[in-house]
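Below, each structure is written out as C-alpha cells.
Look at the two complexes coming up: chain A is in both, with chain B in one and chain C in the other.
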Partner chain A sequence: MRALFSSLRDGKGFDISLIAIAMVFLILFSGAPLVYNAIMSFQEVDIFNLGTFIRPWVGLDNYRSLFADPSTLPIFWNTVVFVFSSIAGQFIVGFGLALFFTLKFPGAAYLRGLFLVSWVMPGLVVGAIWNWILSGDFGILNHFLKSVGFISENIFWRSDINYSLWAVIIANIWLGTAFNMILLSVGLAAIPRDVYEAAELDGATAIQRFRTITLPMMRSTIGAVVSLGLIFTLQQFDLFAAITSGGPANSSNVAQYKAWEMSFREYDFARGATISVLMIVVVMIASIIYVRSTKQEVRG
Partner chain B sequence: MNEYRQKIWTSRLLLIVALGLAVIYLFPLYWMFVTSLKTGSDVFATPPALWPNVPKWSTYAEVWQSKNMARYMGNSLYIATGTMAITAILGTGCAYVLARYRNMWIDIGLFLVLMLQVLPASLMVTPLFVGFNQIGLLELPRTAVILALSAKTMPFFIILVRATFMSVPHELEEAALVDGNSRLGAFCNIVLPLARNGILVSAILIFMQAFGEFVYSKSMIQTSELQPASVGLNSFMGPNTNEWNKIMAFAMMYVMPILGIFILLQRRIVAGLTSGALK
Partner chain C sequence: MGNKLKLMLGGLLLSTAIMASPTLAEEVTITVWSLDDENQPAFNYAKEFSEMDNGIQIEYREIQFDDVVSESMRAFATGKSPDIIAVDNPEHALFAGRGAFLDITDKIAASTIINADNYFAGPLNSVSWEGKLFGVPKATNTIALYYNKDLYKKAGIDAVPETWAELVDTARKLNDPDNNVYGLAFSAKASEEGTFQFLPWAQMAGGGYDNINVEGAVKALDIWKTILDEKLASPDTLTRGQWDSTGTFNAGNAAMVISGPWELNRMLEEAKFDWGVALLPVPEVGSARSSAMGDFNWAIFSNSKHPDEAFKALEYFASQDDRLFPEFGQLPARSDIALPPTGIALKDAALKVFQEQLKYAQARGPHPEWPKISKAIQDAIQTALTGGATSKEALDLAAAKIETILK
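And now, the complex of A and B:
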C-alpha cells in the first residue's frame, strides 16, 4: 500500500495516473459513444426500445433504407458544396488578408488579432446576425447589393431554394476567414526574408516570387489550414440551426444537421446514428490528413 | 528625408486600408449593436439607417426582464464553468505527460487525442443522448451537458497545453528533483507555475467555447429553467420573427462577457491558438 502510494507520488505511477484519469474520461464520454453509435446503426431503435440495451439487430437495413431515400443524395451533395465553397472562400479571403497584413505598418498585429473576434463568438449569435443581414425584405445585404446595382430584385436568401445553402455558406465563410488568416500569417512569418530579397535582386516579379517562394514554402501550412477548415466545416451546426434549419425542403440541409434532425426531430435514432457513422468516417480521414501535415509540430 | 516621408505616407495609407478592411469585416457585429438600439419600426425602415435617430437603450432592460435572461446567463455560466473546470483539471496532467516523454505509447495517445478532437458534436449527440438516457444521467441535464462537452473540449485543451509544457525547460524540473522534490512536488512547484499562463489562456478559450455551446444543450436540456442562453436565443428566433431589435439586444447581452474577455486577452488568445494548431 505504501509502495503504491509512493509510486503515485514519485514514480511511474504518477505519470500513469495523470494520463489514465483523462484517458478513462475520454473513453467513457467519447470513445464509448463512438462504438455505441456504430452498434445503433445496425439496430432497430425506436422510441419504445430507447431505454433498453437489447434491440432487434437489422444488419445493414438502416444503411440500405438511408440510400433508398431520395432525399439522402441531395443532402450529401449539399454537404460537399457547403464544405468546398466554405473552405475555398475562407481560404482565399483569409490568404489575401494574411498577405496584406505581412506589410509593415503601425498597429498591424493588433488589427489582425481583432479579426479573430468572429471566431470566439457563439455560433448561434453569428447565425442570428447573418439571419438578419440576409433577411429578404429588410436585410442590409440586399439593400447594399441593390444600391450598387448588382441586383434589381431582393434575393430571398433564406427561403429561396436556390440561395438557402449559400446563405449559410456566406455566414460560414465570414466565421472561418479570421482563423484561416491567423494561421496563414504564422506560416508567412516563418518564411525567411532574405529568400525574397535574393529573388528580388535576381529580378523576379511579385507574382513570380509568390508562385515560386511563398506557395512552395507554405505547403505544409496550407495543408494544415485546409484540413482544419474541413474539420471545422463538418462540425458546423449552429449556423444551420440559426439561419435556415436545413430548409426550405432540405435545400440547405447537410449531413451533420440531418443526422441531428433524424434523432431529435423525427426520433429515428437508428437513422441518425447511421448518418453519423458515415460522416465520422469522413471526418476521421480528414483528421489523419491534418495530423500528417502537422507531423513535425505534433511530434516536435 | 524625402524617402523617410514617403515611408511614413505608405504606412499611413496601409493603416487606412487595414482599418477599412477591419470595418468591413467587423460590420456584422456593428450591425447587431445598431439594430439592438433601434425601435421596432426603425428596424424595418428603408433605407436602413446606419445609426438610429434616437438610440433606444431601454430594449436591453426590457429583454433582460421579459426573456428571463438572468436565468439563461446563469445556466450558460454554470455549464461553461463546469466544463472549464473538468477540462482543465483532467487535461493538464494528461498534457504534461504527453509533453514529457517520447515513445510509441505517447505517440498512440497523441493520435487518439487528435482523433477525438475532430468528432463533430452534432454527430456525437445521438449516442450520447441515448446512452445518458439509459443510465439516467438526463435527470441532471446540465451535468450531462458538462460531461459531454468536456469530452469534446478536452482534446483541444490537451493539444494547446502540451505545447506550453514543451516550452518549459526540462532541466528546471530535473534540478528540482535533484534538490529532493518528489515528482508531485516538482510538478506542482516548478512545472505548473511556469506553464501557468498557457494553461490559463487555454482554459479561458475552453470557457468561451462552452459559453457559446448549443448542440448538446439543445438536445439534452428539455426544461427551459435549465437551458443556457444559446438555446434561449434559438427559441426566441422563431421562423417568422420580426422582433429583430430585441433579438439583437439578447445577442448583445449574451456575447458581452465573451467580447470583454477577448478584448482584455486578445494578444494572448491569438498567440495561444496559433501555437496549438501549428507552429
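And now, the complex of A and C:
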C-alpha cells in the first residue's frame, strides 16, 4: 500500500497517472464520440430512436445511398476546392503580412495585433458582414469593382452558381489570414538574426535569403499552420450558413454543411454521420502526413 | 462537519419539506415551449393562465425557430419533453405520425370551448393525421401579392395582374434597372421558404406535393425561370428569404412582392409610398385559387403526465383567439372570429385580401417525412432556376424522389 502511494507521489505511478488523466479525457471526449459517430453511419437513425442505442443495422446502405445521390460528388469536389483555395489564400496573404510586419516600422506591433480582430469575431458575424459586402444589387464589392472599371454588370456573388463558392472562400480567407499571420510571425521571430547577417555579408539577395534560410527554417511552422488550416477549413460552417446556405442548387455546398443539413434539416442522422466519417478519414490521413513530416524535424 | 451542524441542517430540510408539501400536492405544473417572446401571444397567455386560480402553473420556455424540432425531439427521445409545444404546421405530422403527440380528438369533441368546425380547413388539416386531431391551430397566415401603387401609377398601369401571364407582363413594365427597381420580389431559397412560395403555384395548376411534375407545375417553374432570366426579379431571389425580399420592396427597389401578413406592421413603418395587396395571380382566368398556409400549431406530447391540465391550457389559449389580431397582429385560424377594423386604412384593406386568400390556403402535407419531401421540391426549384436542368426534368426527378418517400 505504502509502495503504491510513494510510486504515485514520486515515480512511475505518477507518470502513468498523469498520462492516464489525459487519455481518459481523450477517450471520453474524442474517442467515444468518434466511435459512436462511426457506428451511427451503419445504422438507420432518425430523431425518434436517437436516444436509444439499439437501432436497425443497415450495413453499408448509408454509404451506398450517399454515393448514389448525384449531388454528392459535386459537393465533395466543392469541399476540395474550398479547402485548397482557402488554405492557399490564407497562407499566402498571412505569410506576406507576417514578412511585412518583421520590418521594424513605428506601430508595427500594434498594427499586427489589430489584425487579430478578424480572428476573434464569431463566424456568424463575419458571415453577416460579408453577406452585405457581397450582396448583388447593393453590395460594396460590386460598387467598388464597378467604379474601378473591372466589371460593367453586377456580379451576384451569392446567387450565381459560378461565384457562390468563391463568395464563401473570399470571406474565409479574410477570416483565417490573421491566424496564419500570427503563427508565421512567431516562426519568423524564432530564426536567429545572425544567420541573415552572415548571408547578407556573403552577398545573398533578399530572394535567396528567403529561399535558403526563411523557408527551410520555417518548415515545421508551415506544416503546423497548413494542417491547422485544413482542420479549421473543414470545420468552417458559420460562413456557409450566413452567406449562401450552400445554395443556389448546391453550388456552394460542402461536406460539413451537407452533413448538418442531413442531420438537422432532413433529420437523417445516419447519413449525416456517414459524411462525417468520410471527413474524419481525410483529416486522419492529413494528420498522419503532418505527424510524420515533423517527426524528422524533432530528431534531426 | 460537526454532528450538531448535520442535525441542524437535517431538521431544516425536514421542516421545509413539511411546509412545502401541502401546496405541492395541489398545484400541477405543466411546461409549455413556444417561440413567442413577451410581445407575442403564447408568452402572455401562459402568464395569464398561471395567474388564474385553477391549481395549474405553467412553466414557459421560449425556444428559437430553428431549434423547435430538434430540441423537442431530443426531449421526447429522452423522456423530458414539455407538456405542450407550439410547432410549425408542416412539421406537425412528423410528430403526430410517430406517436409523439397526443390524439385529442375526443377531448375536442367533449370540449365546450374548442370546436373543430370553427377552424379553416387548411389549418385544421395540418393538425390532423389519419383522420384524428393531434393539436389545435395556434394562428395562421398565407401569402398574397403586395404592389407599389405609386410605381403602378408612374408606369401607367391601372389593373393588378390576375393571371400568371399578366404578372410577368406587369413585372416587365415595372422593371426599371436604371433606377434600381425590379418588377417583382419573391423567395426561391433552398429552404422551407422556397417550398412555401412555390407550392401554391403548383396547386393552382392542378399539382401538389404528391404530383409535383404535372404540366401546370412545370409551367409555373418555367414562369419563375422567365422572371429570373429576364432579371424581372433580383438574382438574389435564389438565396434570399421572404423577409429580406420584402425589405427590398419596402425600400422601393421592387415594385411587387409575394409575401404574407407578418410584413404588415413593418411595411406600415418602412414603406414611404402607397401600396395595396391583391390575391395571388392564377394560371388562367377562372382557374382554381390556392395559397400557402403558414404559422404554428399547439400540440400536447403523448408522454405528458398531465394531459387533462394541458388540454385546459389549450382551451384557454384558444379562447383568447379574438385577441390575436388586435393585440399581436396575427391571424386566427378560425372563421367564426370577425376581425375588427384597426382604423389604419392600408392595414384594413390588406387584411380583407389576406382573409379572402386564407380561404384557399392549403396545408403542406401533412406527412411525417415532410422535410424530405420539401427538400426534393427545393432542389428541383434551384436546379431548374440555375439552368442545371429543364423545369420538366427537375420536377420529374423531384416527383420520383417524393414517390419513394410516400411509398
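Here is the rule we use: the second predicted complex is superposed on the first by the 248 of 300 C-alpha atoms of A that agree within 3 Å, B and C clash if a C-alpha of one lies under 4 Å from a C-alpha of the other, contacts with A are read in each partner's own complex, and residues count from 1 in each chain.
Here is the rule we go by: a residue touches a chain if its C-beta (ideal position, glycine included) is under 8 Å from a C-beta of that chain, and two chains touch if they have at least 3 such contacts.
Computed from a prediction, not measured in an experiment: that's the story for all the values here.
Looking at the shared chain after the overlay, A:Met217 reaches neither chain B nor chain C. When the shared chain is aligned, chain B and chain C each come close enough to touch A:Gly51.
In the superposed pair of complexes, A:Ile161 makes contact with chain C only, with no contact to chain B. By the touch criterion defined above, A:Ala204 reaches neither chain B nor chain C.
By the touch criterion defined above, A:Phe264 lies against chain B and chain C together after alignment on the C-alpha atoms of chain A. Residue contacts after overlaying the shared chain place A:Gly31 against chain B, while chain C stays out of touching range. Which of chain B and chain C touches more residues of chain A: that partner is B.
By the touch criterion defined above, A:Leu99 lies against neither chain B nor chain C after alignment on the C-alpha atoms of chain A.
After overlaying the two complexes on the shared chain, residue contacts for A:Ala249 are found with chain C alone; chain B is out of touch.
Shared interface residues of chain A (contacting chain B in one complex, chain C in the other): 50-52, 135, 137-138, 245, 264.
Interface of chain C with chain A (complex): residues 69-70, 73-74, 76-79, 94, 98, 100, 180, 189-191, 234-240, 248, 253, 371-372, 375, 379, 382-383, 385-388.
Those residues of chain A that touch chain B in the complex are listed here as 9-11, 14-15, 18-19, 21-23, 25-26, 28-34, 36-37, 40, 45, 50-53, 97, 100-101, 103-108, 110-111, 113-118, 120-126, 128-133, 135, 137-138, 140, 143, 147, 174, 177-179, 182-183, 186-187, 190, 221, 224, 228, 231, 234-235, 237-238, 241-242, 245, 256-257, 259-260, 263-264, 269, 272-273, 275-276, 279-280, 283-284, 286-287, 290-291, 294, 297-300.
On the side of chain A, the complex with chain C involves touching residues 47-52, 71, 135-138, 156, 158-161, 164, 244-251, 264-268. Every residue of chain B that touches chain A in the complex is listed here, in rising order: 10-12, 14-15, 17-19, 21-22, 25-26, 28-29, 31-32, 35, 43-44, 46-48, 86, 90-91, 93-94, 96-98, 100-102, 107, 109-131, 133-134, 147-148, 150-152, 154-155, 158, 166, 182-184, 187, 205, 208, 211-215, 218-219, 230, 233-234, 237, 239, 244, 247-248, 251, 254-255, 258-259, 262, 266-267, 269-270, 273-274, 277-279.
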